[in-house]
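In structure tokens below, several structures.
Two complexes come next, and they have one chain in common, chain A, joined by chain B in the first and chain C in the second.
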Partner chain A sequence: MNLWNSIIKTLELTLQTKNVDLERKIRGAYCGDLLSDVLAHASPGDLWITIHRHRNIVAVAALVNLSGLIITGNRPPDPDTLETAGKEGIPLFTTPFNNFQAAGKLYKILSDYSMI
Partner chain B sequence: MKLEFVIEGMDFTRAGEAAAKIKKALQLVGMEVETVRKSVIVAYEAEMNIVIHARSGTLTARVYPDRVEIEAADEGPGIPDISLALQEGYSTAPPHIREMGFGAGMGLPNIQRSSDELHIDSKVGIGTKLTSTIMNRTSGV
Partner chain C sequence: MEELSQHLLDIAVNSLEAGATELEITIREDTGDNTLQFHVLDNGRGIATQDIPKLLDPFYTTKKHKRMGLGIPLLREAVDRCGGTLEIRALPRKGTAVTATFPYDHLDRAPLGDVAGTLTALLAGNQGLDLIYRHQYNGEIFIFTTREFKSLLKGIPLQTPEVLVWLKNYLANQVKELRRRNNEKLGRTG
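Let's turn to the complex of A and B:
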């Protein structure tokens, strides 16, 4: 199973964006709900775990060149968030898990793939 | 090269567009990765400060071979105590802005850390002008 598939299965992700291919390479992950913190400390290729669902998360994800967005707690993204993510070609997922659970599961997978 | 953008206060739907255009332009002219990264942080934080705090303003990027200068000039409430505003964690953003993940008092400290030079002039009740210089240092030298 490739990395994207492992993550989608383990974190029970639902891909919310349409017409966005999982082409971006995952290089790591970042978890946080303060946009300034993510902008300053996330790295290109990171998957971002957050509770936010407004469109400004897409702007930050695009600026840092993140590989994808995971919104926790099954919060539905705002329609304009999805539209912007589609335009930017950034895959946006929802997961039923909370930030802590999602980060723990993702950390395990990236460890198994010797990425962290 | 000079890029200039008008930023409207409280316009969260277009927030980040100016920073995104500056990023693309810097990549296009081949600025160093680290220069682009720092410029993006300065541009986005300065843009968000105008959106969150000011009535309106302009964000200008001037690109030279050896540096990027980013200027944010706004009409707004001004900053009464600039040294206090530069302290990590200090914020005057209202609760509904904080709930969006902004207003954690990290914006100006982020700008300061990413700038080689930073000047802030502010007049209470009139507005603020911030000028940041980011040197374009060749990587691996």
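Let's turn to the complex of A and C:
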């Protein structure tokens, strides 16, 4: 199973964006809800776990060149967030897990793949 | 809290718990000045000026059944996170004025959120409440008052579900319209 598939399965992700291929390469991950902190400290290729669902997260993802967005706690993204993510070609997912659980599961997968 | 409208609701509920029957809520969005401001004014019991600093302490509350209150401390955090300002003032006769000002374009400024839904919920739960709601977007302004609205309803209770549904859509559309009008004006002059 490739990396995207194991993450989708383990974190029970639902891909919310349409017409966005999972072609971005995952290089790591970041977790946090203070957007300026994410902007300053996330690295290109990171998958970002957050509770936010407004459009600003797409701006951060595009600026840092993240590989994808994961919104936790089954929060539905705002329609304009989805629209912008689609335009920017950034895959946006939702998960039923909270930040802590999602980050823990993702940490384990990335360790198993010797990425961290 | 994820949206500023939730802070607005929290402050309004504080006002009502302090016996307020009149609320004035003003939202000012000024992209030229780069500010987003909301202002809540009530005619509740009010607070002594010397007690105002205590509002920022989560372990200070006037309610007997609660050990702490996080409403104002959370608002303070939302303001500080993006370098805004928070002002709480005791009004001379009675009542309190809360003004929160945020830099409009700051990344950590929470979105305004569903103001129409918040205000409708507030009116649905408080029959006697007199509300004045002003929303300003750059030069354009929209004003809603329950007094005027009730006279238009000609005796139909404001709390009727159909009325509330209509009101929520009406408020949301009026604010959308403000932005549209403003952008149109910019298009014409610019």
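Methods note: the second predicted complex is superposed on the first by the 116 of 116 C-alpha atoms of A that agree within 3 Å, B and C clash if a C-alpha of one lies under 4 Å from a C-alpha of the other, contacts with A are read in each partner's own complex, and residues count from 1 in each chain.
Throughout what follows, contacts are C-beta pairs under 8 Å (C-beta built on N, C-alpha and C of every residue); 3 or more make two chains touch, one makes a residue touch a chain.
What you see is a predicted model, and the numbers here were worked out from it, not measured in a lab.
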Simultaneous placement of chain C and chain B on chain A, clash or fit: clash
Which superposed partner A:A40 touches (first chain B, second chain C, both, neither): first
Touching partner for A:D80 - first (chain B), second (chain C), both, neither: first
First (chain B), second (chain C), both or neither touched by A:I70: neither
Most chain A residues touched (candidates chain B, chain C): B
Touching partner for A:A62 - first (chain B), second (chain C), both, neither: first
Doubly contacted chain A residues - partners chain C and chain B: 34-36, 39, 52, 54-56, 59-60
Footprint of chain B on chain A - complex, ascending: 33-37, 39-40, 50, 52, 54-57, 59-60, 62-64, 80
Chain C to chain A touching residues, read off their complex: 2, 81, 107-108, 111
Of chain A, residues touching chain C in the complex: 34-36, 39, 51-56, 59-60
Complex contacts: residues of chain B adjacent to chain A: 12-13, 15-17, 19-20, 23, 40-41, 44-45, 48, 100-102, 104, 106-107, 110, 113-114
